[in-house]
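Chain lettering (A, B, C and D) follows the sequence in which the chains are written, and residue indices restart at 1 in each chain.
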Amino acid sequence: MKIFLMLFQALLGIAAAPFAGGLIKKLKNNIRMRKGAPLLQPYHNIIKLMRKNETISKDASYIFTAAPYIHLTTAIAAVFLVPSFFPPLHVNGLGDVFVIIFLLALGRFFMALAGLDTGSTFGGMGSSREMFLSSLAEPAMLVSVFAASLAAGSTGINALVAAGTFKISLICSGLAFYLVLLAETARVPVDNQETHLELTMIHEAMLLEYSGKSLALIELAGYLKQFILISMLVYFFIPFGTGPVFYIAKFLAVCAGTAILEVTIAKMRLFRAVDYLIFSFMISLAAVAAFVMGV
Amino acid sequence: MYIELMQYSVLLMAFSMVAAKRFSALVTLFALQSFLLFLLTFSEAAKNGSTRLYIVAGLILAIKVIAIPAFLSRITKKIKVPDGMGLYVNTTLSIFIAALITLLSYYFIRNFLPAMDKEAGAALIISLSVTLIGLFIMIFRIKALAQVVGLLIMENGIFLAGASITDGIPFFVEIAVSFDVFVAVMILGVFVYRINSLFTHIDVDKLNELKG
Amino acid sequence: MEGFVVDWKLSFDALSIFFGFIILLVSIPSWMYSIGYMQGLYSGGRILFAKILLLLFILTMFLVVFSANALLFLIAWELMSLLSYFLVTLDPHEEKASRAGLIYILMAHIGTAFMTAAFLIIYSYSGSFDLSAFKETCLILPLKVKTTVFLCFLVGFGTKAGLIPFHIWLPFAHPEAPSHISAIMSGVMIKIGIYGFLRFVLFTLGVEELWWGNLVLVLAALSAAGGILYALMEKDLKKMLAYSSIENIGIIMLGIGGYMIFVKMNQPLLAVFSLAAALYHIINHAIFKTLLFMGAGSILKTCGTKNMEKLGGLIKLMPVTAFCFLIGALAISALPPLNGFISEWLLLQALFYGALAGATFAKMKIFLALLAGILALTGGLAAACFVKAFGISFLAVPRSKKTETASDSGWSIKAPMIFLTALIFIFGLFAGPVFKILTGVAASVSGLNNGAAAFTFNVLSLAPQEGSGVHLNNLLLSGALVLIGIFVFSIFKVISREKSITYGKTWTCGYYSVNGRNQYTATGFSKPFRVAFSFILMPYRKMEKIRDSYYHVKSFKYEVHTKQLLNEYFYKPVINRIFRFAEWSRKLQQGSVHIYIGYIFLALVFLIIFLKRF
Amino acid sequence: MEIILLLITLLFAGGLSFFIKKGSSAGMVTLSGQIIAAVFSFLLCVRAAGGVPLEVLNFFYIDGLSAFFLLLIAVSSMATAFYSLWYFKNDENTGFYYFLFNIFVFSMYFVVTVNNLGMMWMAVEITTLASAFLVGYRNNKTAVEAAWKYVIICSVGITLALFGIILFYYTASSQTGLRNLNWTELNAAGKFLDPMVVKAALIFIIIGFGTKAGLAPMHNWLPDAHSQAPTPISALLSGVLLKASFYAIIRFVIIASKSVGFSFCGNILGLFGIISLAVAAFFMLVQKDIKRLLAYSSVEHMGIVSLGFYFGGKAGIFGALFHAFNHALAKSLMFFSSGVIIKKYGTNNMHQIKGALEVLPFAASAAFLGMFAIAGLPPFSIFMSEFTVLYAGFKNGFYYSSSALLIFLAIIFGALLFHFSSMLYGKKPANMSASKESAGITALFGVMLLFLLALGFHIPDFLRTLIGAASNVIFGVE
């Protein structure tokens, strides 16, 4: 029974994930006094890409072909792990919150390889930067989760969800996690999804060589990743009100916040991003300290 | 009484050897010093008429007073080297240092061997300082032969010690030692020849091929 | 007491057997690998010589692990270093190898000197080299002596294990050695250092104070982060692997340091857990590091270079090697569902529950959280490092003529790699049983209560602590992954059935061609890291332009290097000082016989003056 | 009785080889002489190991200590005689060499067996004089220079030692009316001697004989002599001569310890030991001449021996004596093997020697292993003796000097390895070609290495009892 619920929730998540992306885009455009693409544009894109023929570099190897599948697979597996629409559904044996981080890392690993696979200079540059940022983001993310789980008394998903009291430590870790989230989902202060200048690309540069179905897979995976991270934020760090309604409300709030943030601030240089991530790491440590002090 | 006198004059000889500039003078002084030792031993022998000491005295006369100086002066004739033996420090300073050495040995004996009776102590001080002065000559005189003589002076000092503070170290040891000295001087002489023939000088301080 | 007698007493307790197992695990494939690897590289006689040496080397490692007598241990230990030195400098023409060997054995010797001191200090209390006697004696040692001994052991064994700051020999020796030797050295020999640390510090000396554990943890963290950082900077494949060995030693030592502090925080269960995690990582590192060195070796054999900038495109030319290397890279980057992931996950759990448990040790919580962060950073950097290693040397287009004609080597090289690849999967998937055994080992050797039962929820899944609803059943996880994968694949196959795939030139935003020269390079890949961590790495660049006219630059040379902080500011200066002093002291002996006699005189005077002092 | 036969044999062999000018046959005579002498000394050892000292006509006195040193001399002089055969196989009329060789060995045998200390002093002096010509044998500038320094410095030292002996005699005769210089009687009178005089005497003794034993800072003759002498003689010098004169020191220390206690003597020796180690360590680092390198390593090892005495205790003494034995073996091996290399390359300069492992596989590997042996790596026996000495140090609480010993050993190891790996590895010079090596010499190397290895694992009871007897003598156990 539980399994089926989980499946259902996962499918729901997969279905809903692109919407969040679309929503954020729409909001951004509205704030900029533009009309913007329709909310369902992401779905259109994915389907369109599905329909297209694909071109693959002859220098590429099976890594290039396999990477999108692996990327998507890990993302979906992570969707299974995180609580989204129905709070505590987690099946024991699938590990804990750390596993989610490791899973995302797996997908990233292969995408980075794929970026190098075609021998395209931009791909290489992209994957280099991607790995750079992610390796710096990892400690911040982990320690913020660490702090939350300290408060919860376990790294288990259920425990984390159950622990719901506002504390300074939780706020700090939540903030740290959110900063990492922006970095991981290629959002503005670190990266810019809408850029069309290869040299400023980070995440997109990795995918330059992709087309057609593979690109669809990757975009879907990207939306899923964003979905996962936002759900984690919502469930682990914003502890009031459980149940689907609250969840969706909080989720949309986070999206809105992100949209506003993105239009109001400018993208950083790559090496300022380092300070940004270290800052978030420091906040997460501060969260641990706060927890020790019991506030 | 006159024994002390002789001992002191041995020291005097040592000092004058420190003061000596020319090699021939050094050899002569050495012969004189050895002769004093001979007198010392001979008088000892006369006092307690032991043949052993007579023989020793004879040995000294034969080896140290006659043979070795002759040998040395022969070498100096053989190898045409200027008679000066090259001083690192001039005579004044040398004598000063020699005096210091004497003081050192005085300090040493008086501090560490207080039990010793008076004249034995005095004799020991003299012999030690003669020995060290011999060492000093070996250090601060450039020419090879000077070093040989310095070695001999050390021997003399030690012999003085042996003769005065003990009643002569056991007999055949004494003989062995003096022969040994003789052989040593011979061998050193041979090496002086070789050095002279190879380097055309006997400035030992120029022998510094081997370093570090 | 008429001289020492070596008595060949052996003991086979759980720890020794565990390490013996590791030795077998690595040395058998390496032996097989060496057969194929050495032929063609060396002359027949030398190969035979090398084989004999290798055999002796393996035997001495066994001797070290199983000896129940400290003296025997010491002798076997030094013999091990000596033999491995001969193996490193196998080819007498290699000036570089001989220099590397020099640094290696010198460091090893210094380490041994410290161990010798420690042993002798203990011995002068115990009066016997028997390990049991040592153990009894250590109970009554005064604290000061204990601390001294501990520090001696830390330096001694840390040197062999390649713990920062005693690691400098490692990046020299491992790359220069023949690849199968590098495999054994990185796979096992440095673990023998860990064995010594466990045997003598943890289970003989005992953990006396909390700061011991903290010190170990700090060094471990330094090794982990620093090692992988330097690895990331390398473009020499084997050197990169050597540095990553330092990183992994750091990770292992994290577990061991965890044990030490948990013992002092009286958390026996956690202590056992963390030690078991460390043991787990020891196995894993043994497996994948050996595998990776073998991969690098077969590249070196066929392409004649281990410089990544000259490689590329090998995934098509040497598919087997590529696949094995890929799996190894995934495992060492701690990615699920492979074995590296398991041990790092366990370590994270250990740190977490340590932070949770140490209620009375408030600042330990922050410390442990920081360590967890560093572990995560290490993981991230490791991933980057191996993306670079695999991506640059196996993917895209060959970067040199010789690489274009490369091909997979014979079976004696392929088979061990495949075997080890299989092991990676086995030790990853069946984590539960393995971990049960390891906790058994840890519990039995540490004498702490056997918490093995608590750590495995059911046969197949790991649980750091009962009651905390956290279980990891890797079989389930990977099963899920595979299922989802198949599902996704088939779905998308179905959806886009009739779409055609065309193979063309790489687009590169319209640039006309991709060849070996305009691809992304290893140096370029690591550029951001070099800039971000420039405060440690201290990069500097050499540029030289040769221009025949003002307007035309004929050739342009550009190199980027990083400095080794420790070498620059500690080892080199010390060594230079010593040499300068030696050079100066030569002045004391300028060949003047007068001065020599003067020395005698001075010695005499000195003794005369200071006679009363003696 | 054997001792007299032994000495006569040597004299006879010497005379014979003097009269047969021809190199090879003289060498054979010498070798056989050495072998016979060795046999005799083995017999003596066997008898003396029992613990009852032998007195022969109240002139020779052979107890455990002398026996041990007899063994040491016998082994290395035999090996050296054998090596000389190969070394001089191409030169004619080496009769004089062999004559001196025999006299040299004779005098060393004499040193360790004679009872009268005066005679012992004389014998030590004779070793100098005999070996002087051996050092200057090549009779070129450097050789003569070395010989001159050797003779002068050693004579100075010896003369100072004589002063010490006289002081000894003085107090003995004044306290106990002793009329001769026999060691046995002095030793018996030991506890009646005036401590202050004994201390004063001991200074002169240790500096005097220490000069010949190559303790820094009196060691300066040593590298010159070793580098200039023909290789066999270098081996003999550092293999045996140094120990023989250290034996003299030990004899006096035994007497002195009766009245002033062992620690006083130990402290002085310890001081010189540490200085020797330091000097050796730093001079070895920047050495260019291979034989000088080995010479300094001899200084180092004599330092270790005297440190063994400093640390004292049964362990310290045992370690020191055992170390002396091991060093004699290993150092001879080193000189022999590097002699082969030097002959091949025609230079002592280590910067000009490259790729020796390729040119002379056997000799080079022997040199390499021997290098590890003298550097004190297990499983070679020197590790064991050094370990014992160190143990004594840590046991008796000499933490600082033991740590210093460890540090210097590490530096010296580095220096040796640095030089040797640069000589043995690398590309061989173009004009060199791998030549076949003399089987006899290779066998010699093999045997010596085997000895070193075997002693590392197990000390045969014979040697053990011998050293035990020696240390008993030192501790005055009857």
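Here is the rule we go by: a contact is a pair of C-beta atoms (placed from the backbone, for glycine too) under 8 Å apart; a residue touches a chain by one contact, two chains touch by 3 or more.
Just so you know, these numbers come straight off a predicted model, no measurement behind them.
Peer 1: Going by the contact definition above, tell me which chain pair has the most C-beta pairs touching.
Peer 2: By contact count, the leading interface is A-C.
Peer 1: Starting from the Cα centroid of subunit D, hunt down the chain whose centroid lies farthest away.
Peer 2: A
Peer 1: From the mean C-alpha coordinate of subunit A to that of subunit B, what's the distance rounded to whole Å?
Peer 2: 99
Peer 1: Just give me the whole-number Å value for how far the CA centre of subunit B lies from that of subunit D.
Peer 2: Between these chains, centre-to-centre, one finds 31 Å.
Peer 1: How many angstrom lie between the CA centroids of subunit A and subunit D, rounded to a whole number?
Peer 2: About 78 Å separates the centre of subunit A from that of subunit D.
Peer 1: Could you list which residues of subunit B touch at least two other chains?
Peer 2: Where subunit B meets two or more other chains at a single residue, that happens at 108, 112, 135, 138, 147, 204, 207, 209-210, 212.
Peer 1: For subunit C, what residues touch not just one other chain but two or more?
Peer 2: In subunit C, 586, 589, 591, 593, 597, 600, 604, 608, 611 touch at least two other chains.
Peer 1: Which subunit D residues sit where two or more other chains touch them?
Peer 2: 148-149, 152, 156, 160, 199-200, 223-224, 283, 286
Peer 1: Which of the chains touch, listed as pairs?
Peer 2: Between chains, contact exists in these pairs: A-C, B-C, B-D, C-D.
Peer 1: Can you list the subunit D residues touching subunit C in their complex?
Peer 2: Interface residues on subunit D, with respect to subunit C: 148-149, 152-153, 156-157, 160, 199-200, 203-204, 207, 211, 217-218, 220-221, 223-224, 264, 267-268, 279, 282-283, 285-286, 313-315, 318-319, 322, 355, 357-358, 372, 377-379, 383-385, 387-388, 390-391, 394-395, 402-403, 406-407, 409-411, 413-414, 417-418, 421-422, 424-427, 457-459, 464, 467-468.
Peer 1: Show which residues of subunit B lie in contact with subunit D when the two form their complex.
Peer 2: 108, 112-116, 120, 128, 131, 135, 138, 144, 147, 151, 154-155, 157-158, 161-162, 165-167, 169-170, 173, 176-177, 180, 183-184, 187-188, 191, 194-195, 198-199, 204, 207, 209-210, 212
Peer 1: Spell out the part of subunit C that touches subunit A in their complex, as residue ranges.
Peer 2: Where subunit C meets subunit A, its residues are 312-313, 315-316, 326, 330, 333-336, 341, 345, 348-349, 352, 355-356, 362-363, 365-366, 369-370, 372-377, 379-381, 383-384, 387-388, 390-392, 395-397, 457, 461, 468-473, 476-477, 480-481, 484-485, 488-489, 492, 495-496, 499-509, 511, 514, 518-520, 524-529, 531-532.
Peer 1: Which residues of subunit D touch subunit B in the complex?
Peer 2: Residues of subunit D touching subunit B: 116, 118-119, 121-122, 125-126, 129, 132-133, 136, 139-142, 144-149, 151-152, 155-156, 159-160, 162-163, 165-167, 169-170, 173-174, 179-181, 194, 196-197, 199-200, 223-224, 227-228, 283, 286-288, 292.
Peer 1: Could you list, by residue number, the parts of subunit B that touch subunit C in their complex?
Peer 2: Listed in rising order, the residues are 88, 104, 108, 112, 132, 135-136, 138-140, 142, 147, 204-205, 207-212.
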